[in-house]
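In the two complexes below, subunit A is the common chain; its partner is subunit B in one and subunit C in the other.
And then the complex of A and B:
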């Protein structure tokens, strides 16, 4: 591995093969090494995994195998358009890029002059590689309001990252030797004896820079799994222990495991002694979580909690591959804090096969170019006063407060929005009708995407066609350990442009000093050089992937901290089991568990009316959030939005497999097709998220059947105390059959 | 002669084979090997998910289904234009230029893997990507795209060891498939043993399971959760008895494994102590 057998581009029969990275458009959180095959007309005809790329070692998932179907899809947006009917009528007229840019600059500038730059919000979703570029666009315009539109409590990835950095000074990922180009052959690496797969179905979701098949690689090498999941996944059915957890109670489980590990003295006393701060306070706190109580809360049998705690603590090394379920609990920070404590006190920090601080080239979550915006403008970032934690190292606006401000215009009005890779109404927005009403009040909205989406049809005045990854050059930074990967353009569809090119060309018009580059390649070269990578973009594509050097036990060597001292990047230089940072921000400095806002235990009366626990958002193989519904081969794998329900519950509620049902709570309802399966607990149902039907009428009121299908109509804007976390995965609902005429 | 070996235990259901097949054959005319596969409706390679048992004794597996490239291929028997042929490497191919659309093969295939294309009036199925093999590929697209090595393809000789342990689909039809399956999910009987008087599971109880027809006997002990599993059982009727020191032996008979069986929580009772 690492020795490439061929250059970055070569000829194979009548096809041209180009090596590259698959990040992104369509959405993805990974960026596997790919080989793109184009014919003599420059048409993308096939994608294969790059066997020379250590990350995926030649493997791919179905979404990349089907990328030609997405890139070449007849329904792609192919040129800029402006709205000619009313919003929602889906009437558009083709315009030039120049006219589009001119109009956007004119309208945004009008808002800036009348209300201030902060009245234009810059909204992004997930999975398309734009964080550095959209943040620069917002800041170069003078707006501090870069936001994942509608994502209550920023409940995706950022809470875990934020929580880890706050308490340990770094983010941590499960070590599958992904930071080494030698991978499993790295002589320093040790295969973990045990991996807790916590709150994600790794092989399907491929989340956060973590390639799911690595878990299978480790299983083949002897790793035992503890799978914590409300559903019996394939991994769970192969696990040493499957803990079928009640959704939203992960913090309680972690605290119960800590209780066992601490009281049975199974922790790493030497590591705790040297490198942990606040162990005695943590020890006192976990006494509130005896296994019997934790079993009552989590619905997991006591003996399984004890067995999991012992297996994890006695495995050397042990690691945790955690997922979105942690972010999508309302009190997400204490949940992450508890899990961080689990791997810390067992001595699994920064050891081979334990938890790895991901080497970083560009911390893209922090945005790019904050020197472009004044302190005065920065202070106007939405949500800062209500959620002080957002001031410490975080640069996004608080989405719940953005939603409120869209509604009320207080403390200042929002007048325009730039929406890039964000089908908010169909996907991430909680209470999407609130977001819809807010956007519809705006004077001017721009949408940038691959296809027409419900969000664009309902709200946009100008729409710009974005490129998929085979249509663009780029750099792959992204989640997890970063590598220097080049994304190489091989084809052109219509007048589509990459998100980076669009932002460069638009930003140049309103702030040329912020964009001194002639083209995206020069911009990428600048980004590389400014991070100490001594390659131009053109040189990088020849040598990619490049790996930053990796070493273990950096805290002992003084390379974890920016000041070169030994220890971790926290005020105490230790892993803070008791967080000085949270204490300073007025939050509980120790991990704790809070029951979901609505639940069988917190609201028994409501539970009587809505007798099922509802969890949402689980991924399917062929779909990335709201995308891929128009790709026939992928849609065939999972053609309809489903509700998974246990056979006993199905019998109790009188529904059969294939029935269409309404899933309803006090906020709203959505249609789902019943899938009866024993993988569920009879008290819990699992609903697909992010559905719309591209094949349905686009114009309102149908709007691609959005309002029949959007499950987030049941999800409230309800963040945790810190402004992080939400209740996407732990709600209550009832179900009943859809009337014959409504199917 | 070529064979496919499909190890069900390794398959995590990623659907790569299904999509790679689509990518290779939809919109591509590989005549004389095959005409294009339609976008939807046909799956020359299809992943079927199976979930068996009942909570908490549940297993999940994925079984890839494709043309079995049978040695005694029923599809070849009634083909009116004699359009179906076996290549030297053993792959069975429907010649799209000879096929008249009589549909006999669609009806005759016991595996349901031959599809009818209404637009082209053709019977279509997996070709083993013979067009690629003839170009020098060592394996078909589906095998190439398999992320877990669950799908393999090669010379029969190379796979001797695997074939010795493998099963074929519907061996009773005598079709002699060239697609061999390892670790196909067989049936299980599982349960949990507990003492209702103390409301505790019993660890280390000896469980015996006997096939009532063949007399074959299996033994396991309950684990730390009082659970036991007898896996990889053939379909049949079984007796199960539970023995533990100090407890009354309990016997259950005529347990059918047409479906996987979770016997649930099974109470066992302490022996009666008779005063001396």
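And then the complex of A and C:
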């Protein structure tokens, strides 16, 4: 473990500098090393990247650079409030924390006594450091229903993780040297010869513990890129091969590449013999995906598919940096399974510069405190009967079934909701009007957030002001290879409290045994020590970042499995190209491709009416999902929600750059501003997601212009067979100009 | 006295805007004013799979080469934060020499 010599706090002229980690909100998941500058009044005045932190090496994206403008924003929620008008009227009255907690305990307890604890749902979004704390809050109350509200098929990250663990016993990430504090100077490290950047624009998205500009670091060191993206991103323009894929067809491409690699015998025979299970069945399966057929499905020219397969297989090592596009495929598990097979049969498992099983220090991926909830209550988790896979290692409720149950009250009614870090209506909810209607039926709703959001204004009865990261202490371990970092409080805004403090104080009221700590720092120390990290929180912030030791080829050393045997943590001890786990769960044990529910190939009649393929959800530099719309320097980078369209398509549909158009399908419509760009395929358009206008009227019916802007009004609740996956990125639409008076 | 400048390797500039915002924050510049501003060259197709798609950050008349930071032994804020590590501060003489060794470089002398 690396030890720091620099103190965690020092003085620089009249400013205090505090070293720590940036874990949202606002921001993202990955936790770059930051230096927070505060003045003598304790006001945050500047943020700089920590040059001594191996993770980002001093660099920062615009979101953390502008954090002072978010933390100090005049529109921040600053004290608890209760609703005094009707829901949606945006009339609030300031209350004390005590009154807020008392009301919440009273209302939730009332529901528990009448209907059972399961009738209170605990809803989180992405990003803000929340999973351990909200799961503990739910379970300490007795509710098994912890859910990413509205996220059809849990279509973000979890499917990839779930798929990898089910078939290989571990998650895998591209090795950019990030597991070692020595980074590119680690003598054991090798720069990949080739990286497939698959379904994400890393430099913008910085998702899942992956600092996107590492890809640029590797390009400078000679790595060739294969970029699989419906858009010509900047990375794609610099790639050896850009495969302009039809959205939603990634599994077909992976199977086509496997077909080439297997039939041309380009795979690593030794690794396959020793460490893969079910190769012959996979070989047989991929015969269904000849390159000609895959080209027809994906819209990628045959020669490019073949070239990509050969380049990937012949590069030693090769690696894959994959992204959200895989989760947002309706049949996401077989798609991930196919890509996992690609890097496995080519021998890139746990080799330097290949795919890493991320070392962990502190694992709270499955929530924190499941001993607090009885088996009887656990069995009531929503969605278990319809999607049995959710029983195996997953602890969240199934979001589509939660949405249905909000509507129907079957098999039991939902009566109250705790919504923390989740602007579901503006952001991730599919069919947000369904979620809206469901929430509006509830007896009692609490919202915890940084700003008033459309979700809070429309639905909440009590709102609690949460802290941004410079206002709180915390732990940062996170996704990908873990490193131990401390988040350090440097400032205080109004009466804001961190999510952790709120949940500790509230949880203490309804279940004091579950919260024996006097303050969050003691709680963090307990979390560290109970997982074998021998530091208190106060010690951690001195020595952070700490790294667990890293070694390659762990499967040969017996450190991948809990029983110490060599191999992988699967029933066959091998990478399961044929999954015994899926077979048992009644799913296809081999990877396969399924057309999106609505598409040019699956629904040609609908395609005649809605003649464009619509993809959504790509990020912008200055915005993390629905955040940052009120930060002027960031909003200025991308002021309006856009629809990217190819010049030929724009001419065909009679729209000009800057026109406002309705993007519409059979479910609904949303406004977007036209951006004409050759980076698109003429058959595909790309719409921004998660828009609302904080500058617009908050009260209904305007609701920050939500219903004009929410692109997810076109997205159905439509998970894959397993209960994972969705169609956020592969829909059909038409576009037409917004009438003059509606602009 | 030697002149100092900013050397940019625009082969790898991703257009991430960090230089712009780092400068705005360091110098308390309002929206719409910049010490350095990004230019986008493309994207347009040269032919086949070859595309012109580049970004170049251009210092403005508000750039003072971060005199105050330099006095404290720090790098200019844009250079410090550049996500692609493509900006270098130094003596024009030294930076010009570096340009001989690599294509797609541009050297600015803001003051």
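By definition in this document, the second predicted complex is superposed on the first by the 737 of 743 C-alpha atoms of A that agree within 3 Å, B and C clash if a C-alpha of one lies under 4 Å from a C-alpha of the other, contacts with A are read in each partner's own complex, and residues count from 1 in each chain.
Convention: contacts are C-beta pairs under 8 Å (C-beta built on N, C-alpha and C of every residue); 3 or more make two chains touch, one makes a residue touch a chain.
Fair warning: this is a prediction, and the values are worked out from it, not measured in the lab.
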Combined model on subunit A where subunit B meets subunit C, clash or fit: clash
Partner chain in contact with A:303 - subunit B first, subunit C second, else both or neither: first
Contacts of A:646 with subunit B and subunit C, given as first, second, both or neither: first
Which superposed partner A:636 touches (first subunit B, second subunit C, both, neither): both
Partner chain in contact with A:586 - subunit B first, subunit C second, else both or neither: neither
Contacts of A:62 with subunit B and subunit C, given as first, second, both or neither: both
Touched partner set for A:244, first subunit B, second subunit C, both or neither: first
Touching partner for A:51 - first (subunit B), second (subunit C), both, neither: second
Intersection of the subunit A residues that touch subunit B with those that touch subunit C: 46, 48-49, 59-62, 65-66, 68, 203-204, 213, 216, 232, 234-235, 237, 242, 621-622, 632-634, 636-637, 677-679
Of all residues in subunit A, those that touch subunit C in their complex: 12, 46-49, 51, 58-62, 65-66, 68, 203-204, 212-213, 216-217, 219-220, 232, 234-235, 237-238, 241-242, 621-622, 632-634, 636-637, 677-679
Subunit B contact footprint on subunit A (complex, rising order): 46, 48-49, 59-62, 65-66, 68-69, 203-204, 213, 216, 232-237, 242, 244, 301, 303-304, 307, 621-622, 632-634, 636-637, 646-647, 677-682
Subunit A-touching residues of subunit B, taken from the complex the two chains share: 12-16, 18-20, 22-23, 26, 39-40, 43, 51, 53-56, 58-62, 144-145, 147-148, 201, 224-225
Residues of subunit C that touch subunit A when the two form their complex: 12, 14-18, 20-22, 24-26, 31-32, 42-45, 49, 51, 53, 55, 72, 77, 80-85
